[in-house]
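When the chains are written out, they are named A, B, C, D, E, F and G in that same order, and each has its own residue count from 1.
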Amino acid sequence: MNGVLSISTVLNFGSAGLIVLGLYIVFTQKNLIKMVIGIDIAETGVNVLLVSTGYIKGNTAPIFSKAGLQVSSMVDPVPQALVLTSIVIGFGVSALALAMIIKLYEKTGTLDTSKIRGLKW
Amino acid sequence: MRKVISFLLLAGFVFYFATLTGGLLIPDSSADRSSVGLDILSRSADETGSANAVTSVVVLYRGFDTLGEVTVLFLAALGISVFMKSTGEKRKKVLDQSFILKTGSRLLFPLMFLFGMYIIAHGHLSPGGGFPGGVIIATGFFVILLTSESVNFNKTLMSVLEGLAGLSFIGLGVVGLLGPGNSFLQNFLPLGTFNTVFSAGIIPLIYAVVGIKVGAELSSVVYAMKESK
Amino acid sequence: MKNFKGFIIFVIVLALTWLLLTGSLGKDELLIGGLSLVLVAILFFGYSDLYRALKITPKIILFYPLYLLVFLKELIVANFDVASRVVRPSLPINPGIVAVKTSLKDPLSKLILANSITLTPGTLTVDVKDDTLFIHWIDVKGKDVEEATKEISRKFERILKEIVK
Amino acid sequence: MILGLSFVLIGLAVLFSTLRLLKGPSTFDRLLAADTLAIITTALLVLMASYFSRIIYMDVALVYSVLGFAGVVVVARYLEGGL
Amino acid sequence: MSIVLNLLSIALAGVVLNVLFSKSKIVQKYVSLLIFAGLTYFSFVMYSQVGEHFDFPFQIAGQSIGFTITWLNYYFGIMITGITLLTVIFSLKYMEGKDGSTHYYTVLSLKTFGMLGVIFSSDLITFFVFWEIMSWSTFGLMSTGGKDAPKSAFKYFVFAITASMILMAGVVLSYSLFGSFDFAVIHDKIGSLSLPMTGFLLSIFIVSFSVESAVFPVHSWLPDGYSNTFTTFTAYLSGISTRIGIYGIILFLFGIFGIQTVDKLSIIGKINFRYVFGVFAALTMVVPTFTALYQHDAKKLIAWHSVGQGGYMLIGLASGSALGIAGGMFHVLNHMAYVVLIVFAIAAVEHRTGTTNLNKLGGLIKKMPVSYLALLFGIIGLAGLPPMNGFVSKWFIYRALILGGYPFLAIAAVIGTLGTILSVYKLIHNMFLGQLPERYNNVKEVGFSMQLPMWILMIVVLGLGIFPGAAMGLIAKIQVALGLTAVPYSLHGIQTASGQLNMLVVSAVFIGGIFVTWIIYLLGSRRKHVSQYNNYAAGNFLDKKVAYNFNYEFYAAMEHVIDPYRKKIIQRTEQGIAGLTDAVSEYIRRIYTGMINTYGIYVITAFIVTIIILKELI
Amino acid sequence: MVVVGKILVLIGSIFLFLGSLGIFRMPDVYNRLQAGTKATTLGALSLILGVGFMNGSFLVKSIVLIIFIVLTNPISSSTIARASHKAGIPLVKESVVDVCKDNVRKEEA
Amino acid sequence: MVNPILLIIVPLGTAFLISLTASFLKNSTKYLALLAMIANVWVSIKLLPEVMQHSINVVIAGVKPPLGINLFVGPSGAVFSILISAAGLLILLYSFKYIEGDSQHKYYTLFLLLITGSHGMVLTGDVFNLFVFFEILAISSYILVGYEGKRNGLEAAVKYLILGSIGSVLILVAVALIYQEAGTLNMADLADKFGMIDPSKRLMILVFFITGMGVEAAVFPLNSWLPDAHSSAPSSISAMLSGFVIEVALIVIVKFVYSIFAMTEILGFLSLVAVITLLVGEFAAFKQANIKRVLAYSSIGQIGLILFAMSLNSTGGINAGLMQIVNHTASKSILFLVAGFLIVRTGSYQISDYRGIAKKMPVSAFFFVIGVLSLLGVPPFFGFFSKLAIIIAALHTGSIFNTVMVFLVLLGTVIESIYFLRIIQVMYNRDGIVDSVKEAPFLPLLAIAAFAVVILAGFLVLPQITGYTGGVASEIVRKMQMAQVF
């Protein structure tokens, strides 16, 4: 049962759980802010997934900050770089989303998606 | 109803995700798995002179992503300034100032700024880099802006900084393009002594630029949010 | 001249910060630190007047550790006090917000005082207005200003006067 | 051993703080829970640095606490009635 | 340089010049006159270039495309240019001062350009391209005119675009079956195609052309479309525009698929393809003709007949015999001549009285004798009575149906003729006979430029009636070129084993008969002329205020009988389709609920459905 | 040193635990800040210092971190307290006094 | 040889430059944008003949693929770059008179970033970098949709952002799975290794990718944001979004399905989805009263048509789809741009308020008709040839399924013709209700006219166009391979 309690398993469950939770919030919450939070949660889930792709058991961060560190004992640096980028992008989008939503709130006086349906059909 | 449907759909999502990707219960992979990243790991120190392999990936191997990422932040800041345009009228409710926060931030801000610079300058040595450094600097601005009504925030300066930093990033890339390497973002500086501040060629420079850009970007975001009602 | 003094103190604080951060006296690190320091010092020149309040007299060699000790003592004692309240099932508390007067004038000293009070479990500075600190007290022992000041701030204030204006 | 015990205690701390974060009742309760969680995370990062013997994680902890501080302050000010 | 290009460039020059001089009506008029005179000249002299082929310097999908001159398209070419020229001459005066005259000559030139391109094309692409130009300019023609013009033009457009798309499907299907767009290549390869596929392909083309030639039940766009526009356009449209559809049917039935192939085709293994086609043609003859009966508007009445007469042409073609096909093709020419003549007469009346409403007209015979004569010639032609041209082609057709063993179709043709006679009598009676409404006391005959085209057409109508051989020579050439048997002809008629027709004799007998009747009538009647108002009804003398006119609701009784049956089927079907489209549109657009959460659910639903489907596929 | 460090780490962990228990148990925002956030902070400080003692090379960084926490944490706690007070979050009913509120009332009057 | 990376860094650098100089150049920053776009057009045109010979890898940071990020520039990249730059240039000219106000430098900055993102998406040779450029493209679109700050624009922008973010989550999952399974992010390298991945994982990656990218490519039912966004954006932006943004996303999907994932077995499914998209778009447009909503739904129909062509699994189909993209870019741009000034001049989005406007704005109305005719595929406009090519390609496959699909496509065209004709009839109605309405200014009309020239004269250079699109098509149907290094 090597797989059951491995870190990869935990990360897998974590990412799938976060993605699904985030999407569930997006689908069911009518408050726009909450929807954005849902998207953030889902994005976090994807970031966890990204990290898990580079995870190698027992290995540490890929930084040659002291002597004797071996390449074979480090985790893959690429996913970490990807995660950094993905986090920053996610942050940018969320901040933008909140700004837009605030402005939309000014115009409509509500954050309820079932009331913000000026555009349909 | 919506909840039930969502639940069922997401259950299906997880089901397929799990069954098609070979299950969620998987063992940790061992190091023998080959990937581009592991290739990079074995050569980045020599190629880039950066102790932090993540940094060499972020700034060089995938430096183009980082340029894009900076652009995304720039875009977000721009977008926020578009939507948070000052409506002209002053805010109705002026918050009375918190002495503790105001004085505290005045005390801390220079230190945070310095810390941000430290993080930026050591990005190739530690997990930091331009982003966290820039974020810390911006955070300083953030708090200052929050605590003082009449801070002399120079919007033009910020926009100039944003532009300048972005241009410098591209400029650094173009120098590589025009140089012997004939490649955008090609390192054109000597690699220096490994694991010291002055090493890793253009990496610290790019990180500095990124730091300034992120700092300026976030600061103008905060400013825009504060200016709107 | 006053400003200059503040500036010097400011630079010293910055330099110490950098040294602590890098933990290195290497040439390169000092060079980059120096550059950063110059930049920060220029950019935040205006902030230096806050640091002016820090005294540089021979006495501080004694009083800094002293303040630290007093603070640590309060910290530890109060910490155990609060911890004991937390774990007891009856949750014995007697909270309220009280006012405390201070004779300190300088913002920096008032800030240090307020933060010291906050860091000490059991008391929490909610706000500072002029010479009055409003403090949330988990176990109110005296409702009027005098009592409260005595209980809460006096012990810090005395030493503080020696190291900050 | 001590590290193990510490991990367990910190785990419980995370649990209680998270409960408060979820429970509220006011936003300020959630905020202070988040503040506490940030501190706990910082401590955890430091512990990890020790466990893996990698000083660089200390920088991560530092960055984390700076950002945590800023976040809490901003939200608190916002809740008080706008930025 | 092909002469076809000359023709097309002249027509195109007409378009361009008309656009350039859109501010100057005088220039527009005379430029157009010149253009169409030139076109007519060139199309007549093309005689000597038959067989010539021209390819464009570029290719489409690796295929050369271009034009060719055949006897068939020569025949249609002269009809198009000739009738357009007459229309332009007639319009010079007619269009004066009319709102919308700026577009008039432009669309006319464009339409002619399109039609010429269609008939001279040697491949499906060229054909389709010009077909589209033609349809869009037809739409343009129909849109200009009266208040309801845009609405009825729109209706046309819906039919036309549907037909175009069907045509396009046919074009492309042919290409994928034969690897070529070229008519000749397709003709050579058609034999190798399986019969069901051949039938399917042919049906696609026939259905598409049926719309343009207003075959029942896809004819309903025509009457409104033709009658709401300028009357001269009505003439032009009824005379030639509709017949491009017939051209397409002839081309595909005989030129491309070939009669041998078509004869092999059957539906559900039993019923001959041509017979089915004939049934639709018969319905086209009968139903619209009777609808024409109770029209109160002269233009609309003629428009309905225009539909009905198309049925004769088609049924001739459907008969499959040399005589029938010759009759069908000849009827195109004859119909063009008399129908344009009739509409010119109506336009002349309209020009003077301002109306084409049959309930408001009457008694104009003395005021406008030339127009009366024109209408008389026209309706005799339309009714298919000797000595006018309509008789000849209809005779061919009846004969072909009877000889070909299609008694039911022949009966339908006779019933159609009966209806035609009834309704054209209404037309001439309500316009020229009976009593003249007082307001028209000062009406005069139209001027020379409007009379001239009428005189020319009267000569053609009568001339072709007495000397059908003038056209039969060309038709025989076409038949030979299409691989059909030619009908032996003489100047005065035909001479076949199964029967002969000598129009000189027929005309003499007929005119003699009429003369005798007229003498008898003159001798037998003692007519007394009474003033219009020297009359009484229900015990009261009538005065000017009482709208009592014998012309009013001429066939009212008949209308009551037919009415319940007519509107129902076609209109309801059309409304049903329109309503269905509306409903589908309404439901589909409701997918976009405006609820962002739902949109998110769509995404994940799409994700899961995609996985479920692709899991099976891969 | 290492032993001291370990003890400090353990003490820190205990206070982290107790602090969060306080957060969970205390009746209002202010008391939670008092009992929870403060205790947790102290626990963290102890733990960080302990780690600094355990690994000598970490000590300097530990001190930086401690200084930073000591400087920022009271500020954020005060800010939360002040904000919730301004936002009208009431003190728990057992509270004996609220000068601040009296002050506000006076100003209004 | 010019370096294709200029296509990305020139607009990006100019965007930064505008930010740098906006405070003293004020409203003159638009000329900077103009220079950048001219440069881009020049570079992309210069690039085309060279990459038609052989695709190239542009190495970034001196790191040879697959270790680093590279640009993979083949015919498709070059052709799309021309499309993006040229359409962008014209729309920029249009914007000069259409976008007003003091903060217009923000508009031009966003404009350039949209161009940057589009170029990046078609040029990059790296999967994650594609995601980054996708985000740049998407975010600038979100902002531009709400740029005017009006209620509808904001609502549309927020919805667009939310759906776009769901899309980017899915794309990122695909990227993560790709890296996990293939250990590479380089497209050519991935094309090599993708076949070795376990089939069910391949399927998973594919579905994540196409569903995520499908949101931006507006494939039904992922396109629910589109009618709102395209109809509420400033018209210049609508023109760009419809003109090349969705097409860029679409070509990415197509490129992945054919030449990277090489999973052509899903194409049948894609063509079904395409035709459904087409019919949904056309039918939904049928009953709209708002001119920009009509155009937006029509774009859905068009994207269905393009996707249909491209999923025929033949070079002919892809070729035809590309021609249709060119046609759609030109004609839909015309329509949106004309609609922009119809709205500005009348203050209304309702078609019924344009009754008789052709008399007052004859040039605009004329161009509108040209645009409609080409969009419908009326000969001899360019749209006819592209639609013809699509149908030929479909029937060439010889499958009954595709024949049926063709009939549905033609049905869609009928519907499309009807609703467009209704608009034209209103515009040309002789009893007009609009008065005191001016024609659009010269510069916008010039830009519109340039698009019209493409449509009108397109068939004159048809052989050349099909030459280039043919090159793209044969590039796409091949498995992607490491290209010559620049």
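Rule of thumb we're sticking to: a residue touches a chain if its C-beta (ideal position, glycine included) is under 8 Å from a C-beta of that chain, and two chains touch if they have at least 3 such contacts.
Every value quoted in this text rests on a predicted model; they were computed, and no experiment measured them.
Here the chain-to-chain distance from subunit B to subunit G, counted in touching steps, is 1.
Core chain by CA centroid proximity to the global CA centroid: G. Contact count check for A-G and B-F (C-beta pairs in contact): higher for A-G. Note on chain placement: the centre of subunit B and the centre of subunit C lie 32 Å apart, centres being C-alpha means. Separation between the centroids of subunit C and subunit F, computed from CA atoms only, is 15 Å. With centres taken as mean Cα positions, subunit D sits 19 Å from subunit A.
Look at where the CA atoms of subunit B average out and do the same for subunit E: the two points lie 74 Å apart. Each of the following residues of subunit B touches two or more other chains: 2, 5-6, 9-10, 13, 16-17, 20, 33, 35-38, 40, 52, 61-62, 65, 68-69, 72, 75-76, 79, 83, 98, 100-101, 104, 107, 111, 115, 122, 125-127, 225.
Looking at subunit A, residues 23, 26-28, 35, 54, 61, 63, 65, 78-79, 82, 85, 89, 92-93, 96, 100, 103, 116, 118-119, 121 sit in touch with two or more other chains.
Chain contacts: subunit D has residues 55-57, 59, 62, 66, 69, 73, 77, 80-81 touching two or more partner chains. Put simply, subunit C touches subunit B in their complex at residues 10, 13-14, 17-18, 21-22, 26, 28-29, 31-32, 36-37, 39-40, 43-44, 47, 50-51, 107-108, 110-111, 114-115, 125, 127-129.
Within the complex formed with subunit A, the residues of subunit E that make contact are 589-590, 592-597, 600-601, 604.
Residues 2, 5-6, 9-10, 12-13, 16, 20 of subunit B touch subunit E in their complex.
By the touch criterion stated above, subunit E contacts subunit B in their complex at residues 597-598, 601, 604-605, 607-608, 611. Within the complex formed with subunit G, the residues of subunit A that make contact are 19, 22-23, 26, 32, 35-36, 39, 42-43, 45-46, 49-50, 52-54, 78-79, 82, 85-86, 89, 92-93, 96-97, 100-101, 103-104, 107-108, 116, 118-119, 121.
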